[in-house]
Each structure stands twice: as C-alpha cells, then as structure tokens.
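I have placed the structure first, in the form of structure tokens, so that the comments after it can refer back to it.
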C-alpha cells in the first residue's frame, strides 16, 4: 500500500509568499489550477415542483438577477483563478474585500464569518483520488444570503452531485426548505466525505499493523512516519472545521432558521466523531512506531543470540584444537594411542553439552 | 491470556460509507445484526402492586396506546434492522427524523438530546463474551417521554434483567418512581457493567506485568500494543458517556424529577471513576511498553556480556596457541623440556585469571 | 528498599463486581475488614471545661440523643461491615440511601455532597505500615450536621489521636469552635498524613537515583515501574481530594462558619502542595526510567568496546600466526634465523601499537 | 543546508542581567545595536493627494508638532540605543516610564497595553538573512495615538517598504483611513513575514526528511536537535503574538475604529494559521527524531547481521581446520588418500550450505 | 560545570513531618537556620527628604509605634527561628494565627492572602551562591498594612540592597509613593533575580550541548537528569509566583493604589516571561536527553562497524590459513613451488579487496 502523497506538506507553508507585502484585500489566486475558464452554473428552485431551473450561465448578469428573486438560487463557480469574475460578484453582492481575498487565497483555515446580510463560510473539501492513491484537498467558499447561496470551488468536480439529484427529484426535505438548509446540506456532504478519508487511513493503519507482524524493514518505518505526518495535517484541518460548525450552531443570525439548526447540531456531532477518530488514529500511529522500534530491538536480540551461541561454542573449541596443533617437542599427550579418537572428542562433546545446557538454562535455545 | 478482539478497530472508520450522500434523516441500519425479526416487549406498571403487565407485543398498535396511559410503560425493541418499525414508532411518538436516523445508525457517540416532550439518549452497552474472550459493544437508544420509555437495542440479550426482576418483585424504589427513574436505572445498569470490563482490562494488565517478569517475547509486545489500542478505543467511548451523564444532571427538563436528580449525581460519580481508571490504565499500559523495551535491552546486554567474556578470554588464548603452532625452524622455546606442561599452561592460567579479575572488577561476573 | 505493595492495583477495578445489578441504595460492604464488631465511641464537648464526655457506646440509642443536644458530639464508628448499624444511623439522622451506600461501598472517590441539614464527606486516609513497608488506604466518611459529626472508618486505628488529645486538654481553639471546625481538623489531620507518604516516596526516588549510579539491574527497572504505577494511583486519589477541599471552601452552606473558612483555605493550600509534589515526583520518576535506559545503553556500549578492542587486536594476530603455521613446503621465511624472535614479534608489536593508537584516537581507551 | 543560527538561544536568558536592581522605569538599552545615530523619519498624510510629506527629521521638535495636527503622522525611529531621545519623546507624548523602559528593553514578549490616550504595542519582527542563513529578530514598538503613530525599531531596515510605497502612491485604502489602519497595516506586514520564516523551516524539515532516507550521520542528529530548539523558540514568540492580536480585536478603545476591526479579525486568522503551522512543525520534527533513532537501530541491525553471518559460518570452519591441524600421532583420517580433496571439502560445503539455508529461513539473507 | 546542588529535592517532601498532628496555628520554625539572634531593622520615610530614619531595633516596642505613624515604615526581620518575636508581632499587628504559622513554616507555595486591614504575601527568594555553585532558596513573607510593611526573612542577606539605596538617596519614585509601591519594589527585586538564575540554567544547557558534541559519557547523562529535575523544581516554584502576582494585579483592595497597579502589570509580564523561559528550557532539556541517547546509539554503531569490518575480513582469512596448516598427507597444493608466495597471497589480496569493496558499497568505510 502506497503512502498517500497529495496532502502535501508544502501546502502548509507556501501560503502567502507570492503576495507578502501586497495591501490586504488584493485579489491574487494562490492555488495551482488554471486550466479551463471558470464555469458558472445556476440551480434555482422553490417548493413548487414546476419552478426548477438548472443551467450553465454564460454571463455574470444572469447570476445577478438572483439576488432579489424569491426562489432559492444556488450559484456555483468552478474555477477562481479569474479574479475579475470574483471582483464583479463581490461588487454586486456587496462583499467585503477581505472576503474576496479569502475566496481566492486558498490557504485558509475553515471558518465562518458573519456579515450584516450574508454569512461567509470557508471549508476544505477532501476527496480520494483512486488513480494517484492520494487525498486531494480543495477550498470551497460559500456566501449564504437570505435567498441565494454562492459557492466557489477551485476546479470542476465535487461531492455535491447527490444533492443536485435530490433537488431535481424534488423528493425529501430540500425543496421545502430555504437557502440555509441548502448550505447545511453542502457542508454535510463535505463532512460526510471526511469519513471516507478516515476509512482509508484506518485501512492503512491496519495494513501497517499486519506488515509489522512479519517484517520490520526500512520502508515500513517511512510509511509510519508519513502516516503520522499526514494525520498531523489532517488534524490541523479538522479542528477548525469543528469550530466552524460549532459557530454555525451557536450563531444568532436570522439567516439560519430554527428548523435548520437541529440539523447543524447533528452535523456538529459528526465533526466531533471525526475529531475523536483522528485523535485515536494519532494515538495508534504513535503506538505503531513504538511497536516498530521494539520489533527492531527484538530482532537484533535474536541475531545477537545466534552469534553468541556459535561464537561461545566454537571459539573455545578452536583454542583446544590450536593447543594440540602446537609444535612443542615435549607434548606427551600427542603420542597416546587414544588421545585423539577418544580423549579429544570426548572433551569436545562435554564442552558442547555444557554450553548447550547453559544456553538452555538462560532460555536462549 | 488472549487479547480481546471484538472492540474492533474497524468500527472506528466504517461509519457512514454505506450512506454517504444520502439525505440526512434517511433510515439505513449500519450495524451487522439482522438474524431474527425485531422483538417488542412491554412492561407497564405503577405504584400499585396489582398493576403490572409484562408481555411480548405482536403489533406496534399495542405499544402506541401506552403513550397516553398514566402508568409507566417501558417498550423495549430488540432488533433495529427493520427500519419500517422504527419509522412507525417515530411517526406515532412524534420523533424527529434525525433521531430515527441516529437510532439505526449504530456508530453514534453517546449523547443526550432534549426535545420539547421527550429526551433522546444514546449509549454503548459493553458486555464481556466469555467464549470469545471478547468485549462486545451494542448501541442502546432511549426515548424518555413523560410516562413512557422506549429502548432500542441492536439484538436480544442485555444487562437489564435485574431491573426487570426488581420491577416484577415490586420491592425497592423502582415501582414508586416514574419513567425518569427507570431510564436512570437502565443507564446505571449499563455503566455498572463498564466496571466489569475494566476489571478484565485490569487483569490483563496484571497478567502482562507478570509475563514481563519472566519473558519478553514478541507476543507480549503485540499484546501490549493491542491493550493500548483497545484502551484508546475504550477511552473514546467513555469520555462522551461522562459528558452525557453530566448533561443529564444539569438539564432543566421537567422530564427529570428532582428526586431522580440525586441518583444521576451518583451515576456521574461512577462515570468519573471509570474515566479515572481508564486514564490510569493508559498510563500503566504505556509504562508496560517502556518496561518491555527496557527488558529487551537488558537481555541484549546480558547476551553481549557472555559473548564478550568468552571471546575476550579465548581469542587471545587462541593466538598464543597459534604462535606455538608456527613452523619457524628457529623457535628455541619449542624444544625446552617444561615449556609445554609448565610454561604454556602457567601462561594460560595467568591470562585467564587476569581476565576474570578484570570482569569481576567491571561487575560482569 | 522494598517497593510499596499495598496501594494495590487491584483496588482500581475490583469495585462493584460484587454488587453489579443490585438496585442503587443497596447496602453491601465492599471492603475486606470484618474482624471485630463495630466499635462506637462518643466525644461530647463544648466550650466549658467541665462538659467533656468521652465514652464507648454500647447501644446506638446513646448516639441518637446527640442529634438534638447543644454540645458538639463526635460519634466515631470503627467498622462498617455491619450494615444494620449503618442503616439505623441513616434512619435516625435522616441520611439519603445513596449516602449510606457510599459509606459502606469503599471504592469511592473523595467527594463532598451537600444536603439540606448535613454535609457528606468521603476521604481516603493513607497510613504507612512500618512492618509491611506498605501504604494502607482506608475510607473515612463524615456526616457533618449542625452540632454533630459522625465519622465512619473501616477498622480501628486512625490519625486522629492528637485531635482527641487536644479536645481532652481543652487547650487551643478546638473546644471553642463548633462542629465544622472539628470536621476541618479531622480532614486536616488526614491531609497532613499525605505529606508523610510523600516523604516515603521521595526517599524511594532518591534511593533509586543512588542505585542507578552504581548499578542498572533488572530489579531497579521493576522498582521504577512500580514507583510510576503507584504514583499514578496516588495522583488518582489526590486530584479529587483537592476538588473536595475546594468545594468545601467555596460552599455557601450555613453548616460551615466564616471563622472556619479561613482554615479551609489554608487546608486547600496544603492539597495544592501535595498535588504539585505528586506531579513533580511523576516527572522525576519518568526521568528515572530514561536514566535507566540510557545507563543500560551506556553499559552495553562499554561491553561492546571491550569486545571490539580484544577482537580487533587478536583476530588479525591470530591470522598471522596461522599463516606461519601453514605447511607449504616453500615458505623461505620460516627458515631464516631471526625470522621468529625478531621479525615475527616486531610485526606483532607494531600491529598492536597501531591498533592501540587507533583506539586512543577514537577515545575508546 | 546549514542550521539557522541567529534565533540565538542566549536571547532567552540574557534578559535583565545588566539592569537587575535598577528602579523600574530606568531606561537602559539591552540590545546589541549601537552603530549609527538614531534616524527619525516622518510620513504625514491624509486623504487629499496633495497632503503627503515624507522627510528625515533633524530634530525631535519637528516630530512634536505632529501630536496636534489633523493629518495622520507616522514617526519612525531607527535606533533606540540613544535613550535621551526616547525620554524626550516620552515626555512630550506623555508616555508612562514603564512604556519607555519596555521600548528600550528589547527582551519583551509581544504585548498590547491600553492607556487613556494611546495604545502601546510590542512585536518581534523576524527577517531572513540570506547571507548568514539566519533568522534575525528585532523588537518593534508602536505608540498609537488618535492621529499619530510612533514606531521604534532597533536598527535600520524593515519590512514596511511596501506600505510606504502604498502611502506614496495614494492608491488603495490606506490614505483614506486613519492611524489605526496604518498600525494594523504595519502589524500585518510583520505577521506576513512570519509565513516566509515558516517556509524556510518547512524546507529545512523536508530537506532533513530526504537526508534521513539516505543517511543517518551525526550531523543530521544535531540538525534535528537545532530545528527542534528553534521551533521551541519560534513558538515562544508566536503564542503571545496571537494573544496580542486577539486583544487588539476585542479591545473597546475608541482609538481603533470599527472599519479597521474587520481587518484585525483577518489578521487574527493569520496568527492562528501561524500557530497551527508551528505546532504541526513541532510534531513533525519530533517524528524526525524518532525516524532518526529508528534508522540508526535499523542500520545497527544490518551491521550485526553481516557480522553474525560471517562469524557463524567461518568460526566453525576454522575449528574444523584446526582439528586437522593437530599434531596427534594417531589420527588415521590424515592418512587417507581422499580425505582432504573430497572428505574435507565436502564437509565444508555441507556446513556452509546448511548455514545459508538457516539464514535464508531467518530472512537474514 | 558542576550540577547545581542546593535546590535540594528533599525540600519537596520534608515539609510538615516535624509538626504533623499539631493544631493548626502552632508556631514551629521548619527551616534550618538558627545561628544568630533575629535582627530587626526599621526604615521609616516619607516624601520629605528630612524624614528618613534607618536603624537597627533593639526592642519590638520600637517597631510597634510604626503601626500608627503617617510615614511609610519598613520593618525587616532577619531570622524567624525565634517564634516568640513572631508571636508578639502577630498580636500587635493583629495577624491571624495561620499567617504566623505560614511565616515560620518555610515550605509554603508563593501566595497572596487578603485580610481586612493587611495583605499577606509569601515568596521564594532565589540567590546564586558563587562558592557552592548552588542556588539557594529562602522564604520571604510580607505583611502589607496601610502605612507599614513588615518583611520576614530566614537569615541575613537579601536582594533588597539597591532598594534601600534608592530610599536613602531619595531619588526616583520610591520616596513619593506609599507602602504598596515599596512592597511592589521588593517583589520586583526578587523576581528580577529569577532572571539571573535562568541565565545560569541557560549556560548549563549550552555547556551540556557543547559537551554532547564531543563526548557522551555517563557524567553527562547524570548532569542532564539533574538539570531536568531542577527545572521541574524551578517550575514548581515559578507557577504559583505567577498566580500570586496575577492575584495582586486583579485584587480590589484599597491597600494597593491605582498608580502602583500599572507597575504590578509590568511585574506580571516578567513572571510570564520567566514561565515561558522555564518551559522552553524543559523542552530543550528533554531534547538533550534524546540527543544523548541518539549519540550513544550512534557511537555503538561506530564501534560495531569496526568490529564487523575486522572480524569479517580476518575470520575467513584465518580459516584459509588454518586449511593450509592442516596435516593431511595428501595435500598436493602444499608442494607446489609458487603456492605460498603467489597463490596464497593473491587469494588473500582478492578476498580483502572484495570485502573492502563490499564495505564501501555499504558506506561503512
């Protein structure tokens, strides 16, 4: 099992280099995706089954009219590298320049900020890449207004497809509730995905545990180290997520209705569960390292015992053979008839037997 | 002593996989038990000794009439894999869809939620399986209404038998008090059982300690690792238990009467004791690993000493024997009469004695 | 110095086994002392020097009249295995059944509970047993009423003798103050005794430190492990003690007068000091283990050096001797006159000198 | 990659030595820079593009008139070793003697103090010195009045150049806002620079990780130790920074306007991110040490295996050769025709093959 | 560099042994100084330069008149082993018996207690003893009344000389301010001295770090252990100091004037700095131990490599020489002319070259 590579450590400290010194509020996209032109889609709906519009927007103007409509409008923007679009949206929806900066500046901690007529939510969407055996992280920002929700993603592809399906099908609660429930549903989808990531980590921990039972090579050591480092990073992004959801629950903004609040409480329970699991994983991962080091010591011990047994038996025997190989002229024993076939070999057998008895008593054999 | 196997690690991260993306409030049973049809039993009683009904319910209708009776009704459901039953109960007793989801979704943290006319309690019931040397965990959910208590268990078999006995016998306090006391009694029975689990852990720690005195094989290492991992998991389920009971004590709901509150305070003391013990066990288990690693080092040291003593004595002797085995033509000492029997052996004895003296001084012998 | 044995680990988890499933409030003594019949003594006094009664009570009735007398009455019960006596006291003094349960159920955490007309205090009294080199723990419960104090001890023998002496002599403050001061004085006596226990631990730490300077045998390792485990247990009983005294200080019950409160603040300082010391001891004990492991490594290093020096010098020499012991027919050097006495030995001396120089440079010699 | 050297450890404890015992409020510069005369510069501006003055001040008098002007005046002082200047500023701007002391006493923790008509801010400005591979730390103090900002730096050179540029260009928000925004902008510039320092640390960690894959020499060990120590120091200066900014956000002083407050909230997010990163780095750095120690053990294991394999094969063979080199007169095997070419070598081959098989089974080969 | 010896560990647990069981409020001096008779000095001053009295008091009566004078009176008592003096002061200045007990009972944690008309402050004064390479700790207690300050020291010699000088000279703030400022100044002098102690610890850490670069002997190990233990003790006395100063700042007693409060805030900053430094030192000291253990492992590795290289080269060579030393009659190679000078030595050279190549590839050479 390959170590996950894409929760890259570098993402930790490559944050603001490219914009240090610029005035606050300057829009510079700090992510790496810039392949396609940003894509805007609109889903507009209300309780009535007939009122469902889903389309790709060609111009921003189409999005702007949503601001004052009665229906729930979800404007999704895939691609934030074109800062002009962000700027225009900001102007039209009356967003603070720091909010716009946070949207394009993709090294944010998950957070929730309250403004007079909208909430600003930043999240990390984690997704598992089957090909690359990697976890990919993407910043998702949301602007929750009274009857519109604008979501900003770094690039196409997200975990919201099932929510779109639910809106289209018109079943369930989602069409009956407002914008705040939609925002909740999106955050919930993102949080639910964390459990999948945890499952992958759990499997890696188990596979490492099994590997340690049969082997303790150098690769396992590096795998454990990578696992620990990645859990450190995961934890770093999960803690603020919990805070963010807690803030959402406690918040007294009229933008979040009471009926939605109970769902957010449920969501909060999920983030706690994620936290607990990450902490347990960290504990277990530390235990793996201890296990590894103990295994290495154990193996060294076994090696040393073999060496000691062989050396302790044969070095003395070698000395005895050496004695009888000496060229002194007066060594009467050399001349005795049975000295070699009986005397010598008996001595050897006795010495070996004594040694074996000694090692048995020491429990080395 | 076998390591406990059933507080399975997998239970940590296999949580929502099967339902990621479904709308919140969707009922999908995530546990593994689905053998028998769910079994409903009713115990209905009040202060009067005559008023005791205990029966197995054939239809849900029988349960629904309890909602408005004056007597205390305890409806117990063994088996939650039939989500339709849960749904009907939910509809009749006016439960929020998220509550129903939590009941069938068996990866919940212990928690307490307050609603207008009922409380929702989730707990883990641990029980020790004698055959499998394993601790089994089962989610128990409770709905506490003004005069009814509904309990949901994953499968038959629980720790409530003695409470049923107390109700039947009519002795003691339980018949005189309300539904809230019954709920307390059930939670108390579950918490009491944790002490038994702790006892098992305590015995394992002691047995590991004794094993470490005589041996430090590879198996003990893995046993210690398992113990630590299981304590991590146990801790993870005990912390929220404590919070839950604390919430129950502080809660100002009219559903919990003042006379019951003092019992909950006592229960809270028990959860604190459990926490303390788990933390102490974790401390001691970490100490075991240190002990193990030190023992391995110690043993290696002993092995090395034996090797060193033997090699240090006999390698020089071997050299001396080698010298006198050389074939130089002019080695006058080889011709002396007493060179071998006296000179050579005296030299050997002196060298050995010197070495032994040296080792004695070094305290290796 | 023997490890202390009687802060038994088992006391951690053998708590409620014998009573799991019984209804709360059931009186079952869970301790191990049941040798003699419970012994009741009464000390009754007030400010007036004449009013001092000290006697052994034959019947509970004698104790009951104290409830309404004006004088301060201290009823001490040695032996709580006779639950009937406890039950009668409970009935007469109007104690909650959970309080009675906690009195006989000797695995309690130290705690303080407030009731309408009395306080309930539970403590652990530690005492050092000179013979057994052991620390013995005994649960002491107190019921503090407006003018009576009832103390329950598991068995005869306590640390209160000097307080009795002070009451008898009539000197000092104790006769002038009320029941609350008496309770304080008893708790203070118990807490003071903890310092003696700490002193014993301190001495053991110092003796282990000295042992580590000269030796690092297997026994020391187990002593350190025991020390750490015992400190874990000691800590577990000291933390709630601190909480309990803090609660006593903050409490707004009329049962504790303002003049006594300042003494409790002083007592609180003592418990903080005990906590600090236990934490420091834990730190130092962890350091001891590190020291031990480093010592073992160091020693192994020394052993390895000796082996390496001897082997590195004599194995090559042995090879040289072996070469000249070969039986080739054409080895001209064997025939030279001075080959052995000068050539061979000079070579040996040079090799040894070179090796010694090498080891000196490596600082192994 | 060289370890950073200039976050000097000595800066931790060389704090007040030179002034211990002096009365509080005594002005003694405790830094090391005293090369040039202090340099005073003034930037004075308001919203109007024409009103921009930027000049080097020759006398303090020029600075004093700013106190009562309407425009925003930023007085910057490079060099605080001339305490007389500080004293005069203090007198004119009505600063408390302890504030003046903190300005020249350069071992302060970052902090924020509120006075009636000004705020006092102390910060550490970190900057990376390309030549010396070192991080340099400089104390920056600020006095924020209603319409003036006085900044004190230890020596010339700072991270404020881009802010000066923004003021000069008159673009953006800075000319339109007050003194408090200027103060925010300076603090923001300093905090932004911390990310660069973190990037350097991140690169060092990665380079150490790569080194550990190929080597585990002594130098790496010391590099890891230095890294950990420097992170300890960095953390020590980042924690109070966070507190300081938090205080700035919560503060209810009229000196900080509401419109600026939202920027400070953003700044606070940055300090949290820095904290998180430092904590993660510490975690990873601890992991590096574990990795190092495990690598060393692994390598030792490999060395031991080679030794054991060679010794275990050849020591017995040596004994056999020794046996046939003995000089007993009656060793019939020596005389057999095929004893040496067939018998001896077959035996050797069998023994070696057996050993190799044994090592293969043990997975040492 | 010698380890500091006088922050004796014993001071941790030798606390109340000699007085266990005595009634609270009993005056027993628990320190070790009792050489000279207690010495009382009085410094009496006010704002007016003429009103300065400094004298040694012969009788307590002279001190008592200060209680009601208008001037600031500082009564200093060197030597508290004469409890009668303490008792009389207590009686005259109306001190609680527990305060008197704390004064003579020198194992107190630093603390601050508020009474109706005075404050009680306890501190540890640390001072570095140049001769003994030791840190000495002395308890200083203060009674701060409206216009008098009484300080109790265990023995002559303190860090207050510069404060006395400032009073005498009449310069600066001290003569103009009240008793509370004097108390602050004394506490400040004591706290300032902690920085000196920290400097000594810092130097020891640096010297240990340098030693570890060249050596890793047993002594360094014990020095590190001592350092860690002493830092544990230092921390234990610094934490309550911080609390004490924080309490002094927050306190709403009229005894501390507003103008003094700002100085106490500054003092509080100092205690935070001390705490930070102690915590950093503890971190670094733990790092030193890791460094030590890694160094030992590294060295062992180096030793093992030398052994392995020598043994791996020469044991096989020894075997070959042994083969040609065998006495088989039919060993044709022994008779070949060039077998020894060419064949044998070529074989040896090839084997050695192969081994060296192998070791080079393994990077052991």
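The first chain written gets the first letter, and so on, giving A, B, C, D and E; residue counts start at 1 in each chain.
One rule holds for everything that comes next: contacts are C-beta pairs under 8 Å (C-beta built on N, C-alpha and C of every residue); 3 or more make two chains touch, one makes a residue touch a chain.
Values in this document were obtained by computation on a predicted structure and should not be read as measured data.
Counting every residue number used by either copy at the subunit B-subunit C contact, under half are found in both chains. Here the CA centre of subunit B is 42 Å from the CA centre of subunit D.
Measuring from the averaged C-alpha position of subunit D to that of subunit E gives a distance of 26 Å. For subunit B, the set of residues that touch two or more other chains comprises 293, 297, 300, 304, 307, 311, 315, 318, 322, 325-327, 331.
Starting at subunit A and proceeding toward subunit D, the closed ring of contacting chains reads A, D, E, C, B.
On subunit E, the positions that touch subunit D within their shared complex are 159, 161-162, 166, 172-174, 185, 188-189, 192-193, 195-196, 198-199, 201-203, 205-206, 209, 213, 262-263, 265-266, 269, 272-273, 276-277, 279-281, 283-284, 287, 290-291, 293-295, 297-298, 300-301, 304-305, 307-308, 311-312, 315-316, 318-319, 322-323, 325-331, 362-364. Of all residues in subunit D, those touching subunit E in their complex are 9-10, 12-17, 20-25, 96, 98, 101-102, 107-109, 111, 113, 215, 218, 221-222, 225, 228-229, 232-233, 236, 240, 289, 292-293, 296-297, 299-300, 302-304, 306-307, 310-311, 314-315, 317-318, 321-322, 324-327, 331, 334-341, 344.
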